[in-house]
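Each chain gets a letter, A, B and C, in the order it is written, and its residues are counted from 1.
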Amino acid sequence: MNIAQLLNQLPGAVAQGLIWGIMAIGVYITFRILNIADLTVDGSFATGGAAAAILITSGVNPWLATLAAFLIGLLAGLVTGVFHTSMGIPAILAGILTQLALYSVNLRIQGIGTDLGSRANVPLSINKYKNMLVSLRNVGSFILENPIWLMLFITLVLIGLMYWFFGTEFGCGLRAVGANQQMARAQGINTGLADIVGLMISNGLVAFSGALMAQYQGFSDVSMGRGAIVIGLAAVIIGEVIFGRLFRNFALKMLAVTLGAIIYYLVIQVVLWLGLNTDDLKLLTALVVALFLAMPYWKSRIRTRKRKGGPAHG
Amino acid sequence: MADHPMLVLRDLRKTFNPDTVMEKTALAGVDLTLNRGDFVTVIGGNGAGKSTMLNAIAGTFSVDNGGILLGGRDITHLPEHRRAAFLGRVFQDPMTGTAASMNIEENLALAFRRGQSRGLRWGISAKERALYREKLASLDLGLENRMGSKVGLLSGGQRQALTLLMATLKQPELLLLDEHTAALDPKTAEKVLRLTRHLIRENKLTALMVTHNMKDALALGNRTVMMHEGRIILDLNEEQKQHMTVEDLLAQFEKESGRELSNDRMLLT
Amino acid sequence: MKKLISLLAVLTLVLGVCACASAEEKVYQVGILQFVQHPALDLATQGFKDALTEKLGDKVVFIDENASGEVPNCATIASQLVSKQVDLIMANATPPLQACTNATGDIPVLGTSVTDYQAALEIELDGNGATGMNVSGTSDLAPLDGQANMIKELFPDAKTVGLLYCSGEANSIFQVKKVEEYLTVLGYECKRYGFNDSNDLASVAQTATECDVVYIPTDNTAANNTEAIANVMIPAKVPVVAGEEGICKGCGIATLTISYYDIGWKTGEMAYEILVNGADISSMAIAYAPQFTKKYNAENAAELGIAVPDDYLPIED
């Protein structure tokens, strides 16, 4: 158990954490700001990867391909939004339905250009596409191409954009819808439209993150989004538990989400480093996340117990 | 010179959960006309249809039958958020009227833009902030010094005062008050009522106020209507109100509805 | 600060490696990344380890990792193995192969249980069947024309063949496509039945019973759910020809098998060549299973009343 080895693995965890952090910010928008549990993300994450992979392998510039993935994510969010508002389907179900549909859509997207018409896996080797935005290959070296630099830049720009957007009149309206739907309607805000826009932006970010992930790991796979919602929620909650007291500003709250994603990946890295049986990886990750989730609850219980046992005897 | 009345309700009907065990006819044909500047108090027993009538006007649900005209325009089929442009509302639950997780000035900013399309303009201008400070100061609750505080930290009375301010920040065509002091302690309720009267008078608002307090109902406003089983059974004008006592009102109720009013809350307050 | 830590880390590693090299003979660090827990993949890994252990004894140390079926874990573990600076990586299945080849362009990566290296890496094998980069390995491709011929041999009067596979597995799609070509030439009408995952596998299998014969490639999901398939196929009296022995044992009649243990062993031999004899991985051809055997499931064959020629071996329990 070599500490040097663990330190050596940190860059990988940080890089992956930053990429997932973008997805987590998307989850934060629907889950915390709009109060919707959006399960579309398991599907839209892979959709982003699929779209970017197909475009990059057709010779499109990776920057454009990644941006295109964002746009496709907007569409995915729109579908869920329409299911929810125009068809009255409860948000959770609407998300599940879209995610279900996206599985086939993703196979089709990846199958463009093949004679079968659908493909489960698209390779994106760094050897072939040298100008991809991020790659697993460069994470260990201290060079400009190290994905951590670009990811930090993208994360900061993104947080800035979100901070600006949610400070606009429209953005404030979205926040009001999540805070108090009845009141928002009484103030003339179209809550259906707000939900749709929120879902669109959120899934756009998730797909964007999926596109980056496909480039990072060197392939897009139709099952790469499985479990994404769990990672996203874990990141949001870990960020709140640890930084909730310190970070009250909206921009900092989103930074906390990103840090939450990084911490989640650090936990996985430590579990691997401890040399524990990787068969137990999921069990251990679940335990650690459960601990994080329990902390705010335990903290408040300790606080009330202290208060009860205190001045009452005075 | 006679412009159209501010509010016209024509034969409004609404039945909840039709064809089920819980079927309830909340509105059984309500006709009401409000002129500009009317301040009407609405009383009645439980289930009389008072809040339902307000919610019907606001558009929380659509009516089964009848028409609603506001300022001459037919709003019967407009969705709730579109009607909000013409209405100001204060709810019974202090939690409902404001967003607890946002701060005071943000809540006011939301109300300020009621009825406008919300674009990408950023933040609150200094001029706006000054306006909010001035308006909050007139409430005399010290809120003007706490504009950055989250509304969730305020007491129920403070939140209702804030909601009231938000409802009148943009001059509404009709102010709907749904038992807005019911959840407050007597002292705070008194304060909020005084504020209500002041704002209505100062802005010459047309208002519809549901209350369970018969004394208040008679003392406030220039008109009082009493509802029973989804219909209006009594409509008192200013002069009638002046000469009416609570006992008289009860007697009238028995006469019109054919039974005793058995609502402790209304009798004992 | 990060720079300092990386520098320190690198220094420590370098010193460590130097110390090892000078003190005694080299102990090789071999990383293994297996995609999911699964009988065929397990056998391949076992064969690999046995081959290297036989040749190197205690001069080889394995870092045995499993991605538990999660694609994101492949990237995490791949980068971990690379940061440990292992001497060689064995990638068991396609996603690990892809992740590892992206994680490093220097450390030799030997794949196994991968059907089509060209599709997986988007490359073309050179005239010798080698990749020209730091990748080689073994393929679990059993001759698909041989399997098509097996169907012809056992079911000459059948008209329709249903192809049952998981639409999320690239290897399966590849095999289905090829088998379909061969079967069509042999005069069969083929229909594809792709399921998403173990949840809709049974219902899709049920639809497939409309065919005279069903073919299942070396599909991971099918291999993990042979009970469910058997429960559909046996009562419907539809014979299944499987791409590998595990599936045949669970729900099939006959199969042209390769041994995953054998290809794992072959991969181990290739690893030995690279580590000890300094062979150049970029010119090492992809190796295929050394031998194929016609095997049949006696119990299922009896139940469906199918007579099997003598050159078929029964699958042992």
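Throughout what follows, a contact is a pair of C-beta atoms (placed from the backbone, for glycine too) under 8 Å apart; a residue touches a chain by one contact, two chains touch by 3 or more.
Please read these numbers as outputs of a predicted model, since none were measured by experiment.
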Using the touch definition up top, find the fewest steps from chain B to chain C. 2
Busiest interface, counting C-beta pairs, is A-C
Specify the chain with the shortest distance from its C-alpha centroid to the centroid of every protein C-alpha atom present. A
Return the chain whose centre of C-alpha atoms lies at maximal distance from the corresponding centre of chain B. C
Cα centre of chain B to Cα centre of chain C, whole Å, reads 71
What whole-number Å value describes the gap between the mean CA coordinates of chain A and chain B? 43
Please report how many Å separate the Cα centroid of chain A from that of chain C, as a whole number. 32
In the complex, chain A residues that touch chain C: 2, 4-5, 7-13, 16, 57, 103, 107, 115-116, 118-121, 123-128, 135-137, 139-140, 142, 213, 216-219, 221-224, 226-227, 231, 265, 268-269, 272-273, 278-279, 281-282
Touching residues of chain C toward chain A in the complex: what are they? 2-3, 5-6, 8-9, 12-13, 16, 37, 64-68, 70-80, 82-84, 94-95, 98-99, 101-105, 119-123, 133, 167-170, 173, 177, 196
Okay, in this complex, where on chain A does chain B touch? 164-165, 167-170, 172-173, 175-176, 179-180, 182-191
Considering only the defined contacts, which chain B positions touch chain A in the complex? 58, 80-82, 84-85, 87, 89, 91, 95-102, 106, 109-111, 113-116, 118-123, 166
